[in-house]
Structure formats: C-alpha cells, structure tokens
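Next come two complexes, and both contain subunit A; in the first it sits with subunit B, in the second with subunit C.
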Partner chain A sequence: MTQARMLLVKEHSNSLLQCLRQEGIYLYLPPFIIRLRSQSHDLAQYLSLFYKDLSFCLDSQVVHFDIELKAESWWRQWLSPQVRFYQSQQAPFLAMPRHHSAILWEWGLNYCVAAKCHHYLTIHAAVVLKDGQAVVIPAPPGSGKSTLCALLCCHGWQLLSDEFALIDLDNQRVQAFPRPISLKNSSIDVLKQVVAKQQISAQFSAQFSGTSKGDIQLLALPKAVHADTRKTYPIKQIVYPHYLQQPGFNCRALSKAQSLMQLVENSFNFALLGQAGFDCLTTLVDNAQHWVLDYHDFNEALNQLELQHG
Partner chain B sequence: MAEESGLWSYLYSLSVQPAPISDQQLAVANLRPRLWNELLERAEQAQLLAVWHEQLKLCTQVPSVAQTRMQWANTLATQQLSSMHAALESLQQALSPFHPVLLKGAAYQVLQTDNAVGRVMSDIDILLPEQELASAERALWLHGWDNRGKSDYDQSYYRRWMHELPPFIHRQSGAVLDLHHHWLPKTCRWQLNIDNVLQRATKSPITGFKVPCLEDLCIHACLHLLLSGESIKGWRDLRDVHLLCQQVTDENLRARALQLGVLEQVETVKQIALRSFQMGGSRLNWQQKLWQQALIPTKYRLSLIDNHAQNAYYLYGHYLRMPWRLLLPHLIRKARIRLQQKET
Partner chain C sequence: MTMEKQQTYCLSEGINWRIWQHELVLFNPFDNCVHLVSSQWLRYFERLAQEDAFALDDFLDLLIDESLAEQLWQQWLQANIIRPTSTLSSG
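Entry: the complex of A and B
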C-alpha cells in the first residue's frame, strides 16, 4: 500500500472545514487514528488552533473511531441549533448547542476511549511527567486534578493526559495522550494568571457556559509541554490531591492496599479486563509510591512533588 | 456498485462459514480502508465484532487497527460470558422452586450452538410457565433482582400487553434479566401454544436450567427477528437463524414449525438468511427483499431506500405485536417521550 500523504493541521487550517464537511479527515491523535466529520465551523476553527501540531490525511485509513458531529433535524435547528455526537452511527449522548461543538468533541472522544479502548487498563486520572517518570493523579470529582495538572505543566512538568491514564497491560507503562486541558469555573482565572506570569504560549478557548459541568474553558499547552506520544513511561508516583479552601498543607503516604482500591474505583475497565487488569494494576501499585496531598498553596505542593520525584 | 454488493455478500457469508484461510487472506488483503471501516462499523452495530475476531484470528492480513478494534470487542465478550455464568448461578438459587427455561443468547452459550462463539448478549432471557410468574417475581426481588424502576405507564404496558415482565437488574452485578411467560406478546397477531415449548425443554448439560430443543430455539430466533423491529442487529439475528437451521434437519424444523402454527414465518426468515449468506435458497418476493434490505444491506453507505426499509421493518414489527388501536397511542406516546428527553 502506498504511504498516505500526511498534512499538518496548522498548515491547512483554511481548508480544514471543507475537508471535515466532505469525506472527513483521518486525524492522527496518538495512540489513535480517528475519522472525523462535521459541518461545524466552530469545530474546524477549534481544531486548527488547539490541535494545530497534529497530522491528518485525506486518504482513507482504517480507524479506531469513526466520529461525526451532526446537526439535529432541520425543524429543531430552527428552534435552537443543536449538534449530536455519533460514533459508528451510534449516539451515546444528548445533543448540545451548536456553539459547544468543541466540548462535545472532547467529551465524545473521552466517551469513546472510556467505553471501547480495552487494550489498555484505563484510569480516570491526570498524568504528568518529569525526568522520564510519570505521576498519576486519579480523580475523585472536585479534587482539582485538572487544575493541579495544568499548574504542574506550567512549572516544568510535561503533560501525558489530563483525563486518562492509558496503561499498557504487559509492562504497566503509561501511554502519552496529550490533549487540551478542560478547566472548570474558578480554576480558569487561576490558570490565566499563571500562564501570563510564566510567559507560556498557551491558548485558552472561548468560555462554554452552562454545560452540565458548569463553565468550561479549554487550555492548549505548547507542543514542548506535551510528552512524546511515541513513547510510554514508567509510573513512579500516584498522588491523590485535595485542594484546601483554607491555608494548610499535609502530605502523607497512603498504603498500597488503599491506593489499589481507589485506582479500581477510578478505572473504567478494571472489572472488564479480569485477570489481565488485576495483574497489571497490582504490579503497578507495588512499584509506585502513593501519597495523599492536601494543599492550599500550589508552590508547596509543587516543591513536595519534586522532592518526592527526585 | 455491483462489484461492491458482491463483496458485501461475500463478507456476510464469511460470518457464517469460515472460508479456507487462503481465500480469507485474499479477500481481506483486497479490502480498502474505507471498506474496513464500513465492515467494522456494521459489525459493531450488529454486535458481531467479537465474532469477526474469532473468524479472522488466523488471518495475517488484517490491518493492526482493525485487529485492535476486534480485540476490544473480544475482551468485552469474554467478560460478558463470565458474568453471564455468574448471573446464572445466582438465578439458579432464586428460581429453584420454579421451572425456568433459558432462551436466546444464554441458551446458545449453555448449549454451545454454532452461533455462540464471540456472540455477545445484553441480557439473560428466561421463560417460565405463566402461573409461576408472580411468585418468581417476588423470589427474584428477594435475591437482589429489581424491576421496579420503570414509569407507571411502562409498568402497565409490560404487565398488560407484553409477554415479559419489566426487565430486572441485579443490584450488585448490574446484570439484566428478562422474565418471559411466552415468546409472543399477548396482543400479537400470531399465537402459539407455549406449553409445547416448555414440555420439550430438557435439562442443560452445565447448568441446572432447562433449554428448549434446537428446533424451538431456531423457530424462536425467526419469530423474534420478525417481531423485534430492530434492524440494527439484523445481521446477527439472521446469522443466528442460519447457523441454528444448520444444526437441525429440514424435516424436523418444518414439522415443529407446522405443529406450532408458524411455518410460514419460519420459512420466510430462513429464505432471507439463505439468500443473504449466499447459501442458495429461492428468489425472494418483494417483501422479503425489503426485509433483507433493512436487515443486512449489501451496499456501501445506506441510501434513503434502506432507511425506508428500516422504518417499514420497525413499523411491521410493531404492527405484528399489537393491533392498531393499541399501537398508535403507544407509538405516539413513545415519540413524545423521546422528544421531551431531547429537550432537556
């Protein structure tokens, strides 16, 4: 078979919409290949800014996910324009307003990975990298994992993912899957200040108000902050953060058994993978350090993490 | 276009009859990525991806992404099978005072029929004599199976018109159970004496449950296919019928269908299956062709006509299940609820 002609998103931002509207693009978003079709101008613009360093091609490829964002029927468009997310012609969610297309794409892709992707052990967690070793930050809601993850990435850490730890079942290493970070409500302003102060060439999306998770902005970090997606990384630490409203700081070790239970709870497919999932997770837990981190001041948290990581 | 429709027929036929590995290699190597995507999509919709995984496991020409997707499905199917066995164990305790008979997916797995490997199922179907239904329901409640979440309308719809109770969900495992007292809804245009089926059921080898005889499984698959209205899983359902038909003799099947009074229906589905999998059969009449188009389209990219065929099939299924005076209010109500859900 002839090699497909690879194009860079940022070099074709003008024709992206047209391609999405016709046969769709075959997007290389490692470790996945995704076919994407959409009529949405907003989505094309979002991709050209927030996925600008990715490649795509127009010759058809066998894909992991075949995704289409489709407008609802014409008479509903007239009431309020809505789009719906389709994966292999199946629609797992309710429709969302047309100007939320970018969020719908992000959530839809999250759904695909969480529901289908069973050659990894998948855990709901942010993952960051330093010195070739990863820190997994599992996510009980409200713990502020995305905020902590984004802050770390503004202070010399690299991003593997703010949503998924994709763990290789055979060697327990974690796959890089960096995408824009989804920031909610008050953490948006926090990050805007930090990004300005650290002089990082990051990009904030428009605000998506009134989604089921509140107000959201997506943050794209520069390419250099993304971990190399061709590689997998060993997991050194598993950290359970808890943001304190009042000043205070406490970092304590968590037992392996407790950490294991929390990881099981945050896993999408642990039960489904049976023995393979169990073997993978127990080995992973055995080889990592586990901490609970209560913090108010981010710098204290950062210092502690770097100390433990050294 | 004609070439493509031939290719689809060939791919469908592979799903019921493994070709020699050299032929498979050739067919698979010639599939362009666009067709691979289409094949994976149709198989995913019909819940046959794990079956393809099994079918193509010796084939070295499968692109790695396609292999990955089939592996995902296979992982899911493997896990489902083990949770089904766990659920059957729990059900065996709950239903020990009664005379339950496994139907459909669970029966195929327990009997290891030819369609069983890689076949996934969303729920367990069990048939009971109607007089045992009320006490069986209470027994299930005591054993952690709950069917009380439905709206009042749905509850009364099931209990008044349907051949099954509202689905049970196991509180801990999340397993789903459909408890039937008949194959056909009470309002169905066809009727048969279900005692015949219960009487011929025999104890299954690996569980304490009874299973219908193979002829009955086959006949049930045919009736279910016509009544379900769900064309999305048409490929899988036709495959079930075809492979089950192969496991019984034609005479026995016909005699049994005649005895149950559903010979015509069984013949219709059997013909569609034979044609669809290129295993001979006579020419289809216009209606059979329409169903074939709805269930197992041979074209790349579904056209408006296929959509109409699917809609017609959906309506036909419902038309068989209920007389119009019941059906129309029900469909209107369903549509309204769906619209309201969209709005929120």
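Entry: the complex of A and C
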C-alpha cells in the first residue's frame, strides 16, 4: 500500500478550489481526517488563509466526516445565491448565503464533532494551555467563553479549542483541536484592539453580518499560539466564567459534585456514553480544581487564572 | 401518603455513585442521568441496595420525618432510581 502524498494548504492555495470542485480534498485537521467538497470560491479562499498550515491529500482515505457544501438549486442562484452543508449526504441545517460559506463550514464541522464523535467525551468548552497543563472553560453559548479564550491566547496562553474539550475516556487528557475562534458582536472590536496592542500576527476574516448569532468574525491566531495537535494534555483547572456588565470581580471555588453536574450539562454525548462517561468525569473532577469566575475587567481574570495555575 | 403501600420496589440496576464531602452524585444507567443529592441520603440508599425488594413502609421506617420521606420517595421514582418490582396489587 503506497503512502498518500501530503500537500500543504498554503503551498497549493491556487489549485485548492479546483481540487475541492473535483473529487474533494482529504483534510488533516487533527485529530480528524475530513473529506471536503465544495464549489465555493469563498470557502477555498477562506481555507487557504485560515487553515494554511494544515495538510491535505487527494488520494482516497478513510475519513471521520464526509462534508460537502453544495449550491442550492440553479433558479435560487439568480435570486440570492445560497449554499447548504451536507454531512454524508444529510443536510442538518438550512441553507445560508453563499458569502457565509466559511461560517457554514465552521458550524457544520462543530455539528459533526458534537453529533458524531463519541470516542471522546465531548464538552462544549474553550480549552487553553499553559506550562503543559490545560484549563477547561465550559459555558453555554453567549457566555463569553470564546472572547475570554481569545484574550487569554493573546496573553501567553496556547489554544486547544474555543469550542470543544475532547476528553480521552481512558486517561482524561484533553486533545488539542485548534481552529479559528468565532467572535461575535462587541467582542470583535475588543479583540481587534488587543491584537493590535499585543502586536500579534493574527488574521481576522471578513465580517459575516445578520447570522443567527449576530455579526461574526473569525480570528486565526498564529501557529505558535496553537497547542501541539499531536499531544493530549492533563486538565488542571475547570473554570466557569461569567462576564459582568458592571465593574466587579469574584472568584470562588466550586464543589466537585456541582462541577460534575455542570460538565454533564455542557456535554454533547454524556448521555450516549453512559457509565464510561461517568467514570471519565469522576476521575477528571477528582484531579482538577474548580472555580466560578465573575469578572468585568479581563486583566483581573487573567491575573487570577495565572495565580491559580502557578 | 399517596403511595400504594402493598407495592414493592427495588433500586434500578447498576446505579453508581460518588460522594464528595456533603454532596452525593448518583449515576443511573437506566437513562444515563446524574442526580445531585445530599450525602446524608447515602445511608438510606445503601440500606435499600441490600434488599431485592422493599415496600414504602420499609422506607418510612428508615426516616423519622414522613413528609421528607415521601418527598424523597417521589424524587427517586421520578428519577428512575427506584422502580416498582411488579404491577400494583388490588390492595
């Protein structure tokens, strides 16, 4: 059996669209291999800029997800061009405007991981890393976890994920899965200022307005800020953030039992994993510290996290 | 009491639990749900786990406060932690 010829996205950005339009590419986005097909010029351009350091191949592979972004029917293209996300020929979402292809890809991939990836315990959480130990930041949508995650990554922390904690069921270590961070509404300007001030060579996508989550921009951090995707990491802290609209700060310990209940609440597949999920979570909870962090000023949150992590 | 006293019950199979200080987390493989309760319930839980079947009266004997016992009983029934062993008797 011959080994597949691996290609770097950034070295083949000119031919990426053609590859996507033909048999598709087999994208290596650790820990997953994804077959991706699309006619979308917008998506090809987005991938070549925001996934430039990834590898792909053109030879058929066994994949975790088979994804296609397809244009809606031809007559629809004359009114308002739209694309739809397909995973193994199933379409879980409504179509979106063609110029939102990048968002559709990101959300679609989130759907695939949440719905199909059961060899990990999956938790809706941001995960950052310092000194080889991870901090998991579980939170419901809109709680500011992506903003906090992006800010931390602009201040010396490394990114594992802004969306998923992928936890190994056997050893409770978390898998790195860094991708562009999805920033919403007012957090976009906050991060633009911080990125400029910290002189980070980050890249912002075009703004996607009028989505179901409001205005969105995707932030790609430099590769050096990404945690090594070949590794898994022990979890030292689990932090439940709550952004305060008014000035204020409070950090308090959370009991292990209550933290476990919140992790279950934020898990995509605990109910599917059953006993294996419970065993994994009880061990994880035993070995980590648990905090509720109410903050308004990010610097106070950063100082507290670094103090606890030290 | 609104419960049928002749009915017997048992703990659902395979219930697992972890206790941390004053808090008890029960895991029920029947529905893969977790429940957070006070750790003081563990002794009742362990007592009932020793029986193949028990009636409501057995449960009441364990607790002094009857209204609390009924509340707990209802809570455990709704959470599938205990279940009837057979159909209701005509009593």
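FYI, the second predicted complex is superposed on the first by the 310 of 310 C-alpha atoms of A that agree within 3 Å, B and C clash if a C-alpha of one lies under 4 Å from a C-alpha of the other, contacts with A are read in each partner's own complex, and residues count from 1 in each chain.
Convention: a residue touches a chain if its C-beta (ideal position, glycine included) is under 8 Å from a C-beta of that chain, and two chains touch if they have at least 3 such contacts.
What you are looking at is a predicted structure, and each value in this text was computed from that prediction instead of being measured.
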Contacts of A:272 with subunit B and subunit C, given as first, second, both or neither: both
First, second, both or neither for A:257, with subunit B first and subunit C second: second
Partner chain in contact with A:139 - subunit B first, subunit C second, else both or neither: neither
Larger contact residue set on subunit A - subunit B or subunit C: B
First (subunit B), second (subunit C), both or neither touched by A:152: neither
Subunit B versus subunit C as contact partner of A:116, first or second or both or neither: first
Touching both subunit B and subunit C, residues of subunit A: 271-274
Subunit B-touching residues of subunit A, taken from the complex the two chains share: 33, 35, 59-64, 66, 72, 76, 88-90, 94-95, 116-119, 271-274
Touching residues on subunit A, where the partner in the complex is subunit C: 255-258, 260-261, 264, 270-275, 277-278, 282, 285
Parts of subunit B lying in touch with subunit A, wherever the complex brings them together: 32-34, 36-37, 40-41, 44-45, 63, 65-66, 68-69, 71-72, 75-76, 78-79, 82, 341-342, 344
Residue ranges of subunit C in contact with subunit A within the complex: 14, 16, 18, 20-21, 23-25, 27, 29, 31-34, 36
